[in-house]
Amino acid sequence: MTLSARNHLMGTIDEIQLGDVLAHVTVRVGEHEVESVITRRSAEEMSLKKGDTVTAVVKATEVMISKG
Amino acid sequence: MTLSARNHLMGTIDEIQLGDVLAHVTVRVGEHEVESVITRRSAEEMSLKKGDTVTAVVKATEVMISKG
Amino acid sequence: MTLSARNHLMGTIDEIQLGDVLAHVTVRVGEHEVESVITRRSAEEMSLKKGDTVTAVVKATEVMISKG
Amino acid sequence: MTLSARNHLMGTIDEIQLGDVLAHVTVRVGEHEVESVITRRSAEEMSLKKGDTVTAVVKATEVMISKG
Amino acid sequence: MTLSARNHLMGTIDEIQLGDVLAHVTVRVGEHEVESVITRRSAEEMSLKKGDTVTAVVKATEVMISKG
Amino acid sequence: MTLSARNHLMGTIDEIQLGDVLAHVTVRVGEHEVESVITRRSAEEMSLKKGDTVTAVVKATEVMISKG
């Protein structure tokens, strides 16, 4: 399966915090921490847990640029 | 200035393509390519060009997780 | 591969319009037309064309509700 | 009133889960389940409840395409 | 019709630039300029033009906060 | 630092509600209320509180237009 989203950053889950509706997932990607907020249901259905190898996926239209 | 967006990936612009309304900006972040679509106006006002040091910024609610 | 995005609507591409940076893709999903704007690069790399079976994917935090 | 968002999928609320800040709303649209995360305040102000006829609304730039 | 999006800023179109796939719409809201990128199709179907009274609509999850 | 996001609305925090994972922040911008949902972590790290002068920031591709 190919997804049109341009950004795929593979890493390892460092931390996962489950809220009532959403979950905060922190992924270590090399020297960076990438943080994601997804539904709690997806976190549970995918059985996400610390140490899992996952990919953070972002659509290009959601990425801003800062400079200076 | 501090911005609430959780993800800040510093890198170097590898390529910039100007369209009529939007621009496609590719940023090298370590071993990753991060792609961004911003307005052409911002690309021009910020004078973005190949080789610039910039930061790709993403709100955590825009980041998905894939696994397996 | 499992993606955390909650919404996956399978259908057939009805029309694809390539712009300079982005592409407008219309997918027939049962009786609905689902419209998507993705990068031209993804449209080309995925060789999207009329008649292809594809899935429109949407993160739940991007879906609004209207009533009345 | 006309809204620029391209995607309007009418259906019936199947389930609504209220969290502290957000709410998870599941809408049956024909044979599909469409899931939405909106603020709890909107869910309460709109008095959303199971069985309500609502429309799931999505901006085209938020829709990705997967294939294969 | 009520929409779950929390932010509705009424103003007047100051400028509209049509691109191939998207359109850049600038709305004067009091002393602020609010800029929007929508599909060209919506801009044409809604016959948007300079001077029109419109509302800029934004989902709360798309709003970031900066400080300092 | 310059950010590519086109919309920057300066105001004062009127109310902040902390949830488990996210926070709901209401900013008074002139005669408008702008509502934002950010991570609880950002709200805490930025020490956001009622009365703070902040800026609501929105990417142009996240702004819809309604008319009529």
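Just so it is clear, A, B, C, D, E and F label the chains in written order, and each chain counts residues from 1 on its own.
In this section, a residue touches a chain if its C-beta (ideal position, glycine included) is under 8 Å from a C-beta of that chain, and two chains touch if they have at least 3 such contacts.
Just so you know, these numbers come straight off a predicted model, no measurement behind them.
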Starting from the defined contact criterion, work out which chains touch chain A and chain E both, please. B, C, D, F
Of the pairs given as A-C, A-D or D-E, which one copies B-C, with over half of its contacts the same by residue number? A-D
For the pair chain A and chain F, the C-alpha centroid-to-centroid distance in angstrom is 22
Could you put a whole-Å number on the gap between the CA centroids of chain B and chain F? 21
Of all the residues in chain F, which ones touch at least 2 other chains? 1-6, 19-22, 24, 35-39, 41-42, 46, 57, 59-62, 64-67
Chain E-touching residues of chain B, taken from the complex the two chains share: 1-5, 19-22, 39, 41, 59, 61
Chain F-facing residues of chain E, complex: 5-9, 24-25, 27, 29-32, 34-38, 42, 46, 48, 52-67
Show me the residue ranges of chain A that touch chain C in the complex, using the header's touch definition. 1-6, 36-39, 41-43, 45-46, 57, 59-61
Okay, in this complex, where on chain D does chain A touch? 17, 19-24, 35, 37, 61-62, 64-68
